[in-house]
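Let me give you the structure first, and then I'll get to my questions.
To keep things simple, chains are lettered A, B, C and D as they appear, and every chain counts its residues starting from 1.
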Amino acid sequence: MIAACKIDISVGEDDFDSAVELEKLRSAGVGAIASFTGIVRDEATGPALIALTLEHYPEMTTSQLRKIAEQAADRWQLGAVIICHRVGRLLPEDNIVFVGTSSAHRKAAFDACAFIMDYLKTEAPFWKKEETTQGTRWIDARISDDEALKKW
Amino acid sequence: MIAACKIDISVGEDDFDSAVELEKLRSAGVGAIASFTGIVRDEATGPALIALTLEHYPEMTTSQLRKIAEQAADRWQLGAVIICHRVGRLLPEDNIVFVGTSSAHRKAAFDACAFIMDYLKTEAPFWKKEETTQGTRWIDARISDDEALKKW
Amino acid sequence: MRIRYFAWMREHTGCSEEQLALPAAVLTVSDLIDHLSSVSDGHALALKNRKTVRVAVNLTFAAPDTPLCDTDEVAFFPPVTGG
Amino acid sequence: MRIRYFAWMREHTGCSEEQLALPAAVLTVSDLIDHLSSVSDGHALALKNRKTVRVAVNLTFAAPDTPLCDTDEVAFFPPVTGG
């Protein structure tokens, strides 16, 4: 039901407001809304995190996120999909990503939201560089993120 | 990890604000936040919905919701669980329920949130009566809600 | 014993709660349902379909063979429909 | 052909993009990686581990055997770590 599903993708340096995004999902006219918010966190192990810098491939990012959203809308009956992703230098507690879905059915809303996050983690061209009290390093991709795709 | 998980249950006639609840989840100090919001909707089929009245068993509701939250906190490493559920007469577009979870891992946050909603739908003492242009009736429990528990 | 009814069971029995001196023959939830079904047509109707009757004893879900004592609070209600 | 590098591959090659006149012998993504690996030590290091190299041709993920033409934009980057 791609035609009926409103898809809203935004990628940029500016912060997003999860509350505003949730409000947009409400207006899509269906009763079940699932959301995911990812936030910059100090991992507790290892040196203290100062900042995280997100690089991306601007011309590819938005189209790739849209493809992922369309795959979800093709697979579940959704009222709306919202994806917001930040780039640039982010500090601990800053928002990184918001994914929200709405559907008439809670399972569809949950599954679509988790599906989009799983694909975003492995197929959207973003890279994180971590700046800690002991220097900077590019974050390694996680095998668990590839594994997560197998269930879909 | 029940001890480490902050559990916040509220049941009442007053509206909740998903934005405020999300903000509480952020403050639990872990990076992945999942949420579900359920809203009163006109089902499109059948007579137009005027209102939904939620009855509950007050002495049991909060303790039952807390049990469900504790089961989730026992099963996944969670920073916080929030459950808000409204009772009384609600109009189309009104909030009914909010469930939010936070964790260091997105899969734990998603699974715990879906788990809580599935159990809430089958084990929390709420009953909906629907008021339509053609009269009132108690809403029937859905077999699909019982089925949903099997995956946990 | 305090008995409570919710949702359409409350509408059938015509009361949200009632006090009952526990009859000696009533040892379990199942016995109590048998007993209450004889109280009125409304009670009988409310409790007619045993598969649909949900029971909580002292705020915890109970089974037909759950034993009862006179100080218990027993609630009867249909399958829940919240969320 | 426009070639782009991201994340630590960009740091190894020392450039975020470069123009290349497609050599006649380069027919596929795999050929292009071989060719670029000979450009500099930095390029060789960036593209050393073939299993780690992700490639997009004209903004779409591509495989080693994806054919190339001179007007393509080809991007090289490590496994993604967003979200």
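We adopt the following convention: contacts are C-beta pairs under 8 Å (C-beta built on N, C-alpha and C of every residue); 3 or more make two chains touch, one makes a residue touch a chain.
Only a predicted model underlies this, so the values are computations on that prediction, with no experimental measurement involved.
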A correct list of chains touching both chain A and chain C reads B
Taking each chain's centre as the mean of its CA atoms, the one lying farthest from the centre of chain D is chain C
Centre to centre, by mean C-alpha position, how many angstrom separate chain B and chain C?
-> 26
Between the Cα centroids of chain C and chain D the separation in whole angstrom comes to 72
The distance between the C-alpha centres of chain A and chain B, rounded to whole Å, is 23
Listed in rising order, chain B residues that touch 2 or more other chains are 38, 106, 117
When you check chain D against every other chain, which residues touch at least two of them?
-> 83
Overall pattern in which the protein chains touch one another (line/ring/star/complete/other) = line
Write out all the pairs of touching chains, ordered by chain label.
-> A-B, A-D, B-C
Taking the complex as given, what residues does chain B use to touch chain C?
-> 38, 54-57, 59-60, 63-64, 85, 96-97, 117, 120-129, 138-142
Complex interface listing, chain A residues touching chain B | 17-19, 22, 26, 29-41, 93, 104, 106-107, 109-110, 113-114, 117, 148
What residues on chain C touch chain B, complex-wise?
-> 4, 6-8, 56, 59, 61, 75, 77-83
